[in-house]
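Next, two complexes with chain A in common: one pairs it with chain B, the other with chain C.
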Partner chain A sequence: MTTASAPGVPAATLVTSEQATAARAGTPADATARRGAGPRVRRRGGIAWLGLTPFAAYVLLFLAVPAVIAVGSGFFDASGHPTLANLAALGDPSVLRAFGGSFGLSAASAVIGAVVGALVCWALAALRPDGIVRSMIDSAASVLAQFGGVMLAFAFIATIGTQGLVTAWLVSTFHWDLNADGAFLYTVPGLVIPYVYFQVPLMVLTFMPALEGVKTQWGEAAATLGASRFTYWRRVALPVLAPAFCGSLLLLFANGFSSFATAAALISQGGIVPLTIRAQLTSETIIGLQNVAGVLALGMVVVMAVVMTAYSLLQRRAARWQR
Partner chain B sequence: MAAVSAGAPARPAGPARPAGPARSARTSRPARTGGPARAPRFGTAPSLGTAAVVLIVVGLVFAVPLVALLQFTFRQGTDGSLTTAHYTALADPANAGTYQPVFDGLGASLLIAVIAVAIVLLVLLPAQVITALHHPRLRRILEFVCLVPITVPVVVLVVGFVPVYQFVAQVFGSGAWTLSFAIGIIALPFAFRPISAAITAMDLITLTEAARSLGASWWTVTWRVLLPNLRRGILAACFLTITVVLGEYTLASFLSRTTFQTALLLVQGTDPYVAAIFSLGALVFGFLLLVAIGRIGQRRTRVRRPHPKDPA
Partner chain C sequence: MQYKRTLTGLALAAAAVVTLAGCSATSSASTSSSDANWKTATSAQGAGGMDALAKAAKAEGQLNVIALPPTWANYGKIIDRFTKKYGIKINSANPNGSSADEVAAVKSQKGQSTAPDVLDLGNAVLQQNLGLLTDYKVANWSDIPTNLKDKDGAWTRDYTGLMSIGYDSSKITDAPKDLSDLLGSEYKGKVSIAGDPTQANQAASAVYLAALENGGSADDITKGVDFFGKLKQAGNFQNVLPSQATVASGETPVVVQWSYNNLAWGPAAGASGNKNWKTVVPEGQALSSYYSQAINKDAPHPAAARLWQEYIASPDAQNLYLQAGAFPSTLAALQKSGKVDEDALQAAGGAPKDSVELTDAQVTAAAKVLAAKWSSTMGS
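So, the complex of A and B:
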């Protein structure tokens, strides 16, 4: 999921080689040759049709239809008439609070995750790219970034929950009770901790290719020209890495914004948008409007679309150096 | 990725050699050793000492929750003493009723994983191969479609899946396995990447044209040329799909089906220790699957070396 970097190049080569074969087939363009090529082309069409139709049907039924329903349902009232009235839900204080909570949680966890993750990437650059430590860290990062969810919630209950290992240690050593004002882990600010735990690995996965794209030769060239290490960082490495860093930061934000499982396992009420959607779907009329879940979904999609567009633009910028 | 790593050799060739335990003989490229004890360092990479400090500190912090989870599985009550009772209780038939949901959920998740892998192999893979072979211009569209599930959060899709699944339940019933259609969509981005990487890594068109020129049927081309060449990408796609299925919670919880994750949350209410044991097991299983993917990927880079000789 990480890099949207290279596709331009291979796609272009594929096109050209395909055109090349087509041209090659076409050059001895007398009638017999063309008749020979005819049935083959038709059969290719058949195979292509057979292969692409199931995919198209599947994606249409289980991706396009749900997405359209999700975003569109906010524009209909209970009896199925189109209306814009439901959009008023976006102005409801509890919904605004949920969006605010989501923004804060995603931003805080993304910034912490990006800084720590970039630091880990920087340290990883000193290791052999195909060494065992690297591959172990890569695997661990993939597991924690994508697989965690409910299980991470359990781990953090065992760590900083009311009976948690770290909670007990803090009390016995520093006489400081983390959960003095109620269980911290089960609040929206408390979610930042488990969120950082899966944001850092995601940062490692997305930022590492960019850091690997920084060639050693650039450092040598800068040193040859008399640059100190500080100058090298300020004038070469940081400008090259900045778009990739910002892009990864946005991806982390999007990841935090859209994740659900960890929060759902820890918090039973609302507080962030995904949890509010759950509350809306399970009991229809909290705010007194219909299809509020659809409106919330629409709001999420708008935020995600903006963030992911910015991400892909930055990624394209960053990909210039990742050859 | 491989090309990048080839361009960036393991850095310090001076006194501090990377601590890669294996094959220290393969030095990291001639270049700039300089000779003296402390060669000046260029470029971005830190010294090995700094790197070790950073990695160890972050590693220790990240180990804390997992250690706490492990310790929790041995915890007896709240007084801090340890016991293996929670593990032995797993095998005790008297508790079978309590744990049944987890095993049911695990079974359902494994069935879903099998179907989702089948969807990847029978629906996504043909589409990707045929696109690469015959419709290179559709590749962009295919990639876009496959990456949509990242941009549209699952929580949003779920709002649309609720009515879709009311229909699905009428056709296929309400078994947990029907979730595999939806989870297959969630897994699309993860399955698409490795297959796509494998397709770009091999010269698909030349190889198939060559096989066709030698008289191979399309069937032979598929079985003897395409699939063997794409094997590693396909395997990685399947493994990633399995981890996505085992980690999936959102869909199952909204559509009220029992899968591994929802069952974990259910059992956590009655017996949190067992939920912790299964969580730990699942995390380790996922880790091992991904280590396997990593090793498959590495073998590819190593195998690639004789490749240039093949056409000759």
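So, the complex of A and C:
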């Protein structure tokens, strides 16, 4: 009687139509009865999709419509006539430089964030999953991955700005001025430092599930077959983790590429695409570039679409090992 | 499941009602203003006089202003005084916005009760958007010099500053005389301007001044861009947006910007200012740039908008500009009538003798140079 799911029902009657219906409907039936059959979920037709309506409406109103309007504005001139002339902006040296700055900043902060974040994950994987350190770092990562914008900018001005605590301490202790060649924080390469601050926690959040998917049994099996630790990592663990790592790397790139507020609070002279778009939309001196901003937005959308498509392909591959 | 659909339907209906209500709540004030139609009035005189204007404005009860930072040219006090004097509430939107933001708000909020009533625009943006404005002549129209107003009253200049160097005297011991002093080694990593010249008029004016000082002219500002290129190469240019806070903390020890902002961020700001902050108007040719007051032709509070114009041109508000170190457009008339705040005028360095202001054509030509050269010269 121990395997019976319904008390009082003889084991022989377990596989009844009632039981099968319960399993199809996705209720937690006896696992042993279903093993090997795979999860069977009855598609709920009809009105279930209505539950998605608020979310869909929200995405449509606050993401899709503004994006289409913004990008669409690039194909009109100031008086509202359709034109392709604005596309010429994509060949403008200052715009190309801004895209270069954005790529460099996103790539550098993504690579540093991914490597550091993966190492943190690796260290965390050795700890008890329900231990206090793990749960603290998990929740800290969730919070810090969202800690961007003006608050982050001012946190860094206060630490490594020209008057910053760390700057002053470095000068007094090591006689080394971080900002000897001008304030490093207020340059595009300098933005990598605050960006890494929110990239590492995001890496921990996205990469940790993949690392948890690596079963200890695999290592034991490899050792039983005579593989060294190195061979195990090279032939088993790294190939399994590679798609997840690359996927997370792309997500970090996209995250850096689309960031605006941190950079806007720190640097005053352009340098990356979102700041160029702001300049074009709000300029008091170079008038009539409002519609060109739409073309730059299009450029950003294309980059993001490519990155996110690659990300979802990699995620699909990575998910194979995370059941 | 059936009740879920009903709930969704209800929620949608509720959302629709709220949205529609929002749309229909557009200015009812403009239609209710009594006898005179202030929406088209081109002077107080022609539509019942100042008292009638003040009364109609009070009936509207509100005034929407935009892009007026409280620490910029004394706007904090000007707004307070207006509210106190006329009992009209001022809604100050996007105080740190640019002139372009003002125009964008006029266009996007057209017909809504939240649209800006009055605008304070830089010249380049003003010239591109004359179609958004309406004519109005203030009572003391004759106090404003002819070259500082549109002949029909579409806009009137309100105040200007002179490009100046503000510096922290606890860090810079020898006062700079002109911009070329800023190339010296003691200014390493210390000099900033108020934004990106391809974006902000104030920052672009720093480049214009550099052109005037370095053998360039108002017609060709290339030499000004070259100067900032040299400043960057010397490692002296600091790529951060200065604010009253960065000046107070010492993060930005040298700022090239309008004199009224440098003056406002110094000892005049009290505890939130930098007591060591000094302001120098460089020797040689001075550079000015007036801002212009104008009324949105679709202003949701047309009487209050006109009353604001009257107040801005009045000696009261004009002296408030002066107290912040900005030179008001009626300064000569104020001096003549003896209504000028002499102490404030002295503190601002006396009336400017002669200053260059770029014409519309020169601003357009300068914009082309900035677009082509600035980011490649300063690119990091």
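Keep this in mind: the second predicted complex is superposed on the first by the 256 of 323 C-alpha atoms of A that agree within 3 Å, B and C clash if a C-alpha of one lies under 4 Å from a C-alpha of the other, contacts with A are read in each partner's own complex, and residues count from 1 in each chain.
Throughout what follows, a contact is a pair of C-beta atoms (placed from the backbone, for glycine too) under 8 Å apart; a residue touches a chain by one contact, two chains touch by 3 or more.
The structure displayed is predicted, hence computed values, not measured ones.
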Contacts of A:Asn179 with chain B and chain C, given as first, second, both or neither: second
Chain B versus chain C as contact partner of A:Val188, first or second or both or neither: second
Which superposed partner A:Gln163 touches (first chain B, second chain C, both, neither): both
First (chain B), second (chain C), both or neither touched by A:Ser258: first
Partner chain(s) touched by A:Val71 [first = chain B, second = chain C, both, neither]: first
Which of chain B and chain C A:Phe55 touches, first, second, both or neither: first
Touching partner for A:Arg278 - first (chain B), second (chain C), both, neither: both
Larger contact residue set on chain A - chain B or chain C: B
First (chain B), second (chain C), both or neither touched by A:Ala297: first
Footprint overlap on chain A, comparing chain B with chain C: 47-48, 50-51, 54, 157, 163, 278, 281
Residue numbers on chain B that touch chain A, as the complex places them: 1, 4-5, 7-12, 18-22, 28, 31-32, 40-48, 50-52, 54-55, 58, 62, 64-69, 71-72, 78, 80, 119, 122-124, 126-127, 129-132, 134-140, 143, 145, 147-164, 181-182, 184-185, 188-190, 193, 200, 204-206, 209, 218, 243-244, 246-250, 253-254, 261, 264-265, 268, 272, 275-276, 279-280, 282-283, 286-287, 290-291, 293-295, 298, 301
Chain B-facing residues of chain A, complex: 1, 4, 6-7, 10-11, 14-15, 17-18, 21, 43-44, 47-48, 50-52, 54-56, 58-59, 61-63, 65-71, 73, 116, 119-120, 122-133, 135-140, 142-144, 146-152, 154-159, 163-166, 168, 197, 200, 209, 211-216, 218-220, 222-223, 229, 232-233, 237, 254, 257-261, 264-265, 273-274, 277-278, 281, 293-294, 297, 300-301, 304-305, 308, 322
Contact footprint of chain A on chain C as seen in their complex: 1, 4-5, 8, 11, 97-101, 104, 122, 124-125, 128, 188-189, 192-193, 195-201, 203-204, 235-241, 249-251, 363, 366-367, 370-371, 374-376, 378-380
Interfacial residue positions of chain A with respect to chain C in the complex: 46-48, 50-51, 53-54, 93-94, 97-98, 101, 157, 161-163, 179-183, 186-189, 266-271, 275, 278-279, 281-288, 290
